[in-house]
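Scroll down for the structure; my scribbles are underneath it.
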Amino acid sequence: SNRAIKVGALRFTSHSGSFVAFERGYFADAGLDVEFEFFQAAQPMAVAIASGDVDYAVTAISGGLVSLADKGAIKVIGGALSEEDGIDGQKFLASMAAFEAGVKEPKDLDGKRFAVTQSGSSFHYMGSKMAAAEGIELQFIPLQKVGAIIGAIKSGQVDGWSIVPHIAKPLAGSGAVHIIGNVSDYLPDYQVTTVFTSTENAANERGMTESFLAGFSKGVDDYAAAMIDGTADQDAMVDLIHKYVYTDRPRERAAPSIINGTMRLNKGAALNVASVQDQLSWFQSENLVDADITIEQLIDPSYVEIIGA
Amino acid sequence: MSDSTLPYGSAQLEVRFRGGGFSPIPHRWMGALVFVVLIIFIEWGTRAGFISALTLPRPSDVLATFGELWDSGLLFRHLGPSLSRLVVGAALGASLGIGVGILIGLFSYIRAGLGPLVAAIFPIPKIALLPLFVIWFGIGEGSKYALIAFGTFTPTVVATYGAVDNVDRSLIRMGQSFGLSWLSIVRKIVLPGAMPGILSGLRISLAIAIILLVAAEMLGAQYGIGAYILEAGSLYDLERLFAGVVILSLLGVLTSGAIAMIERRMLDWRV
Amino acid sequence: MDIRLEGISHSYDDTEVLRGIDMDVPSGRIVCLVGPSGCGKSTLLRFIGGLERPTQGRVLQLGTPPEGCLNPLTFVFQDFALLPWRSVHGNISLVLEDHRIRGAAAKRIIADVLARTKLSEFAWALPRQLSGGMKQRVAIARALAVNPAVMLMDEPLSALDSQTRALLMDDLITLWERQPFTAVYVTHNLTEAVRLGHRIVVLSRRPGSIREIVEIDEPLSERGSAGAELERKLQHLWDLMRDDARAADKELLGV
Amino acid sequence: MSDSTLPYGSAQLEVRFRGGGFSPIPHRWMGALVFVVLIIFIEWGTRAGFISALTLPRPSDVLATFGELWDSGLLFRHLGPSLSRLVVGAALGASLGIGVGILIGLFSYIRAGLGPLVAAIFPIPKIALLPLFVIWFGIGEGSKYALIAFGTFTPTVVATYGAVDNVDRSLIRMGQSFGLSWLSIVRKIVLPGAMPGILSGLRISLAIAIILLVAAEMLGAQYGIGAYILEAGSLYDLERLFAGVVILSLLGVLTSGAIAMIERRMLDWRV
Amino acid sequence: MDIRLEGISHSYDDTEVLRGIDMDVPSGRIVCLVGPSGCGKSTLLRFIGGLERPTQGRVLQLGTPPEGCLNPLTFVFQDFALLPWRSVHGNISLVLEDHRIRGAAAKRIIADVLARTKLSEFAWALPRQLSGGMKQRVAIARALAVNPAVMLMDEPLSALDSQTRALLMDDLITLWERQPFTAVYVTHNLTEAVRLGHRIVVLSRRPGSIREIVEIDEPLSERGSAGAELERKLQHLWDLMRDDARAADKELLGV
């Protein structure tokens, strides 16, 4: 009989790899009985991996994740979402007011208010890297919740933000904000999210971890074929994803959001170590995590192909 | 009027009334009226446009969202888990709180030891501890129960030991003077005497439990009114946000009504 | 200034409390109201003082209140009704402030009434520092401060122990002798009524109606050692009331 | 012993004592002892390893973090804004709450109209409304003041009108019987009489204000104890998280002490 | 069973309340304790009942309590001390339950004491439905239920109005005549003391010490209409107390 495991997920398209693998039975084929645990935010999910309540999950690298790795609780074992040239990725936004005041490109945000959820979040990282590249200063405003940021940018209380395309595009479409740049211009191979698990699983449950990654990779392949490469039926894939994302909207209103949210998921869960190292160094330079933490404490490179090294 | 009034002539006047007031007269319809006026005003404002769509949702849209929730059956899928969390968490927190409160009320040493601890725990924001709750109690229902229980615990303790302190000491002396055992005095005099105070403390504790539902459902909840509100908030979907808030509000009014009913039944001996 | 009650009847919701009360309170006399518990004595007093309105009948002031009278109808309550957060002085100045009497004028009045009630030393004490008898003397001083035409006293002594009660009764008599005041004095203590009243109005059980009016002509100062005539009146009053009391003690209160 | 006791022989015994108890005897050191024991236990547990580093931080590390905060001067950079938010927000909420509470207590129509509204607002979780606060009050200090004010408002209203209801009616009748004006009665009798209830209500309101500091500083606060705790939580930095929580806890104990002092000074007339 | 007090002195913190009290309570007699307010009467009674311990001296039970006596020293409190959430029946059964008297046995006892206090019809009423006099009769019934050797009564009638008080005094006398009980009866009403006491112990102002012990030999049943002898004793007691009362009325309470 199959081994029962728990997989943590947020109801975002970026988690589609797991959804597809589950729906199409790839996990079952790999000998796993997967049960999803859904979260409202990434941070409790990371803690749940650390506490052993959840076995595997996909999330952005954050200061919290690094801290948990530092405490010996978790390991990054693979890559998931990444920026890729030619695929619509995360966007820099300017509020209507800022745009009208002359903010047409990211570099015009000099001295302006840039929204982040928290210090050490991926938003903070993207803004900070962009500012460094442009040689400008940003004022980071922590607003905790995506909803609060949307409210703030719509009412012109913050000037800039960076966010995934399926949120960026409808916002721009409604005329409340303007897209002024792509994150990939500044962070070309940005490893946005990674697959991670508890240190215990990574070290002592090799078989199970490999099975998970195998199933997950198959899901990713199907997703990419349907949504990016156009070699499989997109409608069927949208139907599948709609079971998990935007469930309370009718199919026809959910579909554009799902399609807009399409981004590259690393094939074979390959992990871009250079990007991860860059993120870690940034956290350390910002004093958000302990300066002594090494990349070895954060990742276990023994499971997947390592790229960008 | 009798003849004897005549000698006073015009200097005869009725005593001026100067009492009354300072005691509330119920006007049941007023409460409803205020709600209706408020809702109509917002509806009008959002339609006329001087209340922007960002500021407040249109009440009719909230109602429609509510209708959808009802029709799709999602209402009960959200309400079910939330209610069970509320009931289990609040029951845990309240019963523990009443227990500890009574111990604090009865024993000097426990009071001296736990009183300051409770006072120090009270102002700790539960949401600050969310990450720890995951470690301590997992991501299942356990952490949700624990969070709500924790939030209801402290106010219940404070209310309960206040209530025990307020039990008429002359009744306790009476019990002692008839040689009642310590346990009889606690069971038959202290507990019933503290009941009014405990129940009115529960009013506040249960309101807090409802408030904490949202925080609790930040922790890996798929369904639940709190989760629904959080999701609506993160999408800045005001109609759904308000639909959820209205449900919590109704829940609050209902619990408070339930306590009023219990009070009427259990405390009918009050003057 | 006299007071006249004409056909006063009253009901609270469904409870008839008073029925057809007619009576006069002549100037300079003390009228005692006695009657069983719950018969409506306090209610009647509130009507006289204008704090409540009867469902039927009316209360008339006959003649004008004398010059310098700030509050013609002034209560002295059983529970003293002192503001616990004000000193003795503050409690008295409270009732002067609204008549724009402040500063030296207020000081003079307060010093005067405190002297009359033998409280001069305690002007700055808080109510919680006072014994029951002193609190009631403060309440009386406060009533005197507004120079009332009629004092309305609702069991003013019943919260006190019997020794203090006797002392205060003596004090009241001394006050009256020095300067006769008009008063309606509610009590359920017949000895008190016989000691203080020029006229004793006996009410029946609820709904209260006038059962008898007893006049006592003996001067207040001479009633000290109970004479035979007073003793007879007391016994008569007691006979009037005993049955009512017995009956009342066999009834459940409104549930 | 006198001779007269002899006839009773051995059947002479002292009356058995059966009173006492049921009234707390203070043991000041107990409270401190409990804290010390608890802290030593956690220190020992984290050192010995049976309390994992994920579960609780080592108290000595928390203290060290506290020391760093102090040395770097960051403590006051965080404490300053939080205190000003607390003071302004709580002052706004409490004064509005007292005002509305008194109006509800005094006027039947206002009570009938606003009473149910307040009851419906009470169980609304403030964090659910965070996105709206951004729109309504911006992301500057305004929204932080507003959130804390909103949170302190409802409990203050409820406590205040309860306190006004409890003002001894016989004192009000006394005022009327002396022909005092309505305003005099309110100012000189109702307000001072309601003060004890209002102050004890403030104890709860201020604890809630401290709790809401964290929620308020979710909205674009760079400095502040709440922001510090949130950041520590998101970085899963337990030492800093607990250092922040301890600060809030101390803040709570201090405010409650301050109210006790005000009570002693303003309410010295109480028996 | 007699009670003997030997050299009782007591202080609360710095306040000396009682000083060197020696007295006896002989079986079958009613001993009245009178004295000015605050002189320590209630405190002394609590010592006798074992609810508090004096700082010096001791209270002795001489002889054994009679057969079937559940609670030898039983209080009747001024404020009745009835549990408001229990009916009359429940309030009495409360004190039997701890002695494992339930069911039929309890019913019999309760019916008996209710009959003796004329409350049989009100067994299921709640305290809030009862008048003051009835409440005190319930408290007396409850005391009788445990068949006390000594009843300790702390101003049992002072919360009642004077008519009800007179009725209950008659009731107590009837009860005593039917079956003499031992009692220590605290009061500040001298008339009550003279009406009920076989022995009247007069305490001085605080710190309370025994000022005089007055014996009254006239049988209780014959004291109805105040005879000359009783009148004389009353006047004597009154003289003893008047000065104390006057002095007490000129003192601020402990601040």
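Every chain is named by a letter (A, B, C, D and E) in the order it is written, and numbering of its residues begins at 1.
Basically, contacts are C-beta pairs under 8 Å (C-beta built on N, C-alpha and C of every residue); 3 or more make two chains touch, one makes a residue touch a chain.
Everything numeric here is computed off the predicted structure, so don't read it as measured data.
Participant: Please give the intersection of the contact partners of chain C with those of chain E.
Facilitator: Chains touching both chain C and chain E: B, D.
Participant: What is the minimum number of touch steps required to go from chain A to chain C?
Facilitator: Minimum step count, chain A to chain C: 2.
Participant: A-D versus B-E: which interface comes out with more C-beta contact pairs?
Facilitator: Between A-D and B-E, the larger count of C-beta pairs in contact belongs to A-D.
Participant: Which whole number of Å gives the spacing of the CA centres of chain B and chain C?
Facilitator: 46
Participant: With chain centres defined as C-alpha means, what is the inter-centre distance between chain A and chain B in Å?
Facilitator: Distance between chain centres, rounded to whole Å: 40 Å.
Participant: Mind pulling the residue numbers of chain C that touch at least two other chains?
Facilitator: Residues 49, 51, 73, 128 of chain C each touch two or more of the other chains.
Participant: At which residue positions does chain D touch at least two other chains?
Facilitator: 18-19, 54, 130-132, 135, 173, 176-177, 179, 230, 233, 236
Participant: Two-or-more-chain contact residues of chain A, please, as numbers and ranges.
Facilitator: Chain A, residues with two or more chain partners: 43, 47, 50-51, 64, 145, 147-148, 150-151, 154-155.
Participant: Applying that definition of touch, give me each pair of chains that meets it.
Facilitator: A-B, A-D, B-C, B-D, B-E, C-D, C-E, D-E
Participant: Using the touch definition from the top, list the residues of chain B that touch chain A in their complex.
Facilitator: 54, 72, 74, 130-131, 134-135, 138-140, 217-222, 227, 230-236
Participant: Residues of chain B touching chain D in their complex?
Facilitator: Listed in rising order, the residues of chain B that touch chain D are 18-19, 21-35, 38, 54-55, 106, 108-109, 111-117, 119-132, 135-136, 155, 165, 169, 172-173, 176-177, 179, 182, 185, 190, 204, 207, 210-215, 226, 229-230, 233, 236, 238, 241, 244-245, 248-249, 251-253, 255-256.
Participant: With touch defined as at the start, can you tell me which chain C residues reach chain D in the complex?
Facilitator: Going by the criterion above, the answer is residues 49, 51, 70-71, 73-75, 77, 79, 81, 83-86, 94-95, 97-98, 126-128, 142, 146, 152.
Participant: Which stretch or stretches of chain A touch chain D in the complex?
Facilitator: Answer in residue numbers: 43, 46-47, 50-51, 62-64, 67-68, 71-73, 118-121, 140-145, 147-148, 150-152, 154-155, 157-158, 288-289.
Participant: Under the definition above, what is the set of chain D residues touching chain E in their complex?
Facilitator: 1, 5, 8, 11-20
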